[in-house]
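There are structures below to look over.
Each of the next two complexes has chain A plus one other chain: chain B in the first, chain C in the second.
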Partner chain A sequence: MALQRQGLNLLRRISIHGTTFTNRTDVRSYKRWVAPTLKELNIRTKKIGDTGEVKPTPRSSFLEWNYDAEVFAFGKRLGEEFNQDLLRKALMHKSYVNLQELQGNAVQSDGNTDLIKKGEDIISKYIQLELSKKYPDVIVQAIHNYLTDDNMLSHVGVHIGLKDIILTPEYPPETATIANTFKAVVAALEESSSLENCEKFVKDFVLAQLNGKEVFDIWEPEQPYKYLKGIKSDIEPRLCNQSAAKTILANYQVGIYSNKQLLGLGWGESVDVAKDMAALNVIQKIYNIK
Partner chain B sequence: MSSLKRVQQWATFARIWHIYDASWQNPFQSAGLLKKYLMGTYKPIYHPLNDCGDHVVVINSGDIALPGDEWKKRVYFHHTGYPRGASWTLAWQLHKKDPTLVLKKAVYNSMDGNLQRRYTMERLHIYPDANVPADIMKNISNQLATPREVPKRLDHYSEKEVEEFPKIMDYPKNYILR
Partner chain C sequence: MSNSHLLMKAGFITSPAQNGVGRYVCQLQRVVLKFCKNNGSSRGVRDFIESDLVNFAKDHPGVVVYLKPRRHRGPVIVAEYLNGEKQHVYCRNFTSEVVSKWLTLLKNQQGNHEGMRLRKMWHTDHPSIQGPWTPYTFREPSLNLAEFPNDKLSSPASLEPSATDRLIEAFKKQQLKELE
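For the complex of A and B:
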């Protein structure tokens, strides 16, 4: 009897709040995690504000941040001997120096602008030198542009731990800033040790990004057959095989011949595609690229 | 993925269309052969879950040759599901009704009964004679070798060939051939 009354009370309480659970069978317990979770979510939403973005906290804002130790460890982590002053100079951007001067703080350095320029030259020259041993100029230029792109250099920069030790007003630093800092670090390394050492560094960190990539992933002529015709004029495409021509899975095999010699084969869903692919195959062989 | 890699994939999974002349062939022996192409088990990329089977167009299925007295002895059983719905059809009767069915059933029965079987059968195109639609003929790029040689009957030889064939004896002039 008492139990029934309690149940009735519960029902009444629920219906007072404006909702009636007609289909409700049993409630085993109050869910005590609901309110705290909603509160926490509310707090977090207010923290984010209207922009909807969570601003990352810079590591340097933490109490135990030790910039000297971080900069020292950066060089040691890479296994390179840096001149500490040069490395600090490489990490300090002009914008940061300007800001400090505006705030009336004395800064000895005048930023890493010249180091950026120097580092860029070193990276660019070395990559071109290394690639030109294997590839023709067109491909060298394409791969060079791919490797020295801001996105690629900042990718390298972030993963060797530059993001938190760059001295710049913006946080998180922009892609171009990280890429520039990486260039400056390369220049600082060159001045600290030797050019040879520095080139090994570029080889290990920048050139190594080609691992798992094929040349055709980075560079591909837009119209391969026309391009091939430009290199080698006495070529002739021939349809070698075809299958399922009247279906959606049609497949054609085209061979490119020169003087009755088969130079390369290509496949494709149409004859034109197959012809272009055969041309790519020939280009691959002519340029000796993998 | 570079475009070369893309077409490599395309060519790897391309479906080949084979043609097979069933005249004078044993359908049960042919079934084992066709199965290999329909399921794609001859390909290095084969896997039961990999959809890599080829198409096979079979022509002249009306001219198949059953071994021994199979035409008379082989029985195809069917049950409608209703009481007294069972029926037994002899191979020659079934062949008379539909000249593609004996071969079709031979291929169907040669494969394991799994979910793929009916989809694999969809890739088998059987024609009772050599009249194949032009659209189907354009897809074909390979001819499968038949396991049995088609025998040549005496009436297929020209009179001259018969005349010139070396004989071990000549009939006497006055011998009457009945």
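For the complex of A and C:
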């Protein structure tokens, strides 16, 4: 709003007073931010056009596009030796094959449906195997779901360069489509080289996404104290410290004991919160979560 | 920050999708060299294409290289990154060495870096290692054994003498002086 007013003021000054810029009662000085902002707004308006939305153009519709080179570079970029036919099969979705058949074009492959299924199994199995070396089943399941979620796999897929080379009627490809293609590529890699190589690939691209994440970012019991009671029944919460009770800065520290041994501490603005925080602390220690 | 930076993208330096944690993936996915076959301003780009481009493509099989000759237009390198960003480098009158240097830069960076304002010169994901402060952090250990009610702990930490105290003290001093 302010921007429009400023722009109008500028216009008014120019149109009413013409070339005489002597009357400056309404604006004290030239605002230096106006020009860059208007320029940027102009650029963005042009980009949007009349439709009001930015329509992405498929990269494959450009004149400089060579699908063979793109597929070759995809494998090389990842440092893997792919069987080119298998890789092409992995990138071709059933919907694309159907569309081509409708249009009367001959297509060699019948889509990547079976590769998707196979890739999903490989990823799932390997992640569970790796995580179960360190974490209990609940956490393994939670992290596994987090990593094999469509959003996560499509994030990985986009960042290895799948987005432009997927063969599918929709553009831009949907999250689920990219995730499925990633699974199919994993299966293609397994068939091209070996399972061991393929697992390394999954480790480097999918498991690596856990970097910088804590387990409690991904998994947290809803009622920590109740959960802790379930895995360790002989616990006893004790109020260790309190400060500024009945004020806005109230703070309580609760310790959880078992057989007169302090297991963990937690604090919060009320005793219940502090108890749950202490339970989380204990769970962290029991499960060896770092 | 000047006014030309107002609408500039701002952020921290990050690596896309944990690149390099597992293995390094070159983020430059394709590069298009646009040039004119006749015009002198494209001379350096043409030289580069003749002498070094094949080696560049051999060394970096993960980068797709396109050549796009077009008449009477200035030479441009368009770099496309895996995160969807594009960077244009105008190479008018560049020598082939300079073109090579720009291409190396485009290959090594992870996205379009022109026009990004760094919000801060440093960044950390873990601002505190010891955790948030609580009233019990760094507390005097002797308090663990104190018995309450405790007169010493109940009184203020520093108690200034009151006006009455000072009067009494002055009176006592006066009495001492009189005795001497």
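The rule is short, and it goes like this: the second predicted complex is superposed on the first by the 239 of 290 C-alpha atoms of A that agree within 3 Å, B and C clash if a C-alpha of one lies under 4 Å from a C-alpha of the other, contacts with A are read in each partner's own complex, and residues count from 1 in each chain.
To be clear about the criterion, a contact is a pair of C-beta atoms (placed from the backbone, for glycine too) under 8 Å apart; a residue touches a chain by one contact, two chains touch by 3 or more.
What you are looking at is a predicted structure, and each value in this text was computed from that prediction instead of being measured.
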Point to revise | Fit-or-clash call for chain B and chain C when the two complexes are aligned on chain A | key: clash
Check your understanding: Between chain B (first) and chain C (second), which does A:E220 come into contact with in this model arrangement: first, second, both, or neither?
Key -> first
Exercise for review: For A:Q253, decide between first (touching chain B), second (touching chain C), both and neither.
Suggested key: both
Exercise for review: State whether A:L38 touches chain B only (first), chain C only (second), both chains, or neither.
Suggested key: neither
Review point. In the superposed arrangement, which partner chain does A:A244 touch: chain B (first), chain C (second), both, or neither?
Key: both
Practice item. Please indicate which partner A:V138 is in contact with in the superposed arrangement: first for chain B, second for chain C, both, or neither. Key: neither
Exercise for review: Would you check which partner chain A:I48 touches, where first means chain B only, second means chain C only, and both and neither mean what they say?
Suggested key: neither
Review point. After superposition on the shared chain, which partner residues are touched by A:I160: those of chain B (first), chain C (second), both, or neither?
Key: second
Review point. Just chain B (first), just chain C (second), both, or neither: which does A:W267 touch?
Key: both
Exercise for review: Answer with first, second, both or neither: which of chain B and chain C does A:L129 touch in the superposed model?
Suggested key: neither
Review point. More chain A residues touched by chain B or by chain C?
Key: C
Review point. Between 116-124, 152-160 or 170-178, which run of chain C pushes into chain B after the superposition?
Key: 152-160
Point to revise | chain A positions touched by chain B in one structure and by chain C in the second | key: 241, 243-244, 251, 253, 267
Review point. How about chain A: which of its residues touch chain C in the complex?
Key: 32-33, 35-37, 40, 59, 63-66, 69-70, 72-74, 76-79, 155-156, 158-161, 163-164, 203-205, 207-209, 211-212, 240-241, 243-244, 251, 253, 267
Revision key, fill the gap. Interface with chain A, chain B side, in the complex: residues 1-5, 7-8, 10-11, 14-17, 55, 135-136, 138-139, 141-142
Exercise for review: Using the touch definition up top, name the residues of chain C that touch chain A in the complex.
Suggested key: 3-4, 6-7, 16-19, 21-23, 25-26, 29-30, 32, 61-64, 66, 68, 80, 82-84, 125, 134-136
Revision key, fill the gap. Within their complex, chain A touches chain B through residues 214, 216-217, 220, 241-247, 249, 251, 253, 266-269, 273-274, 276-277, 280-281, 284
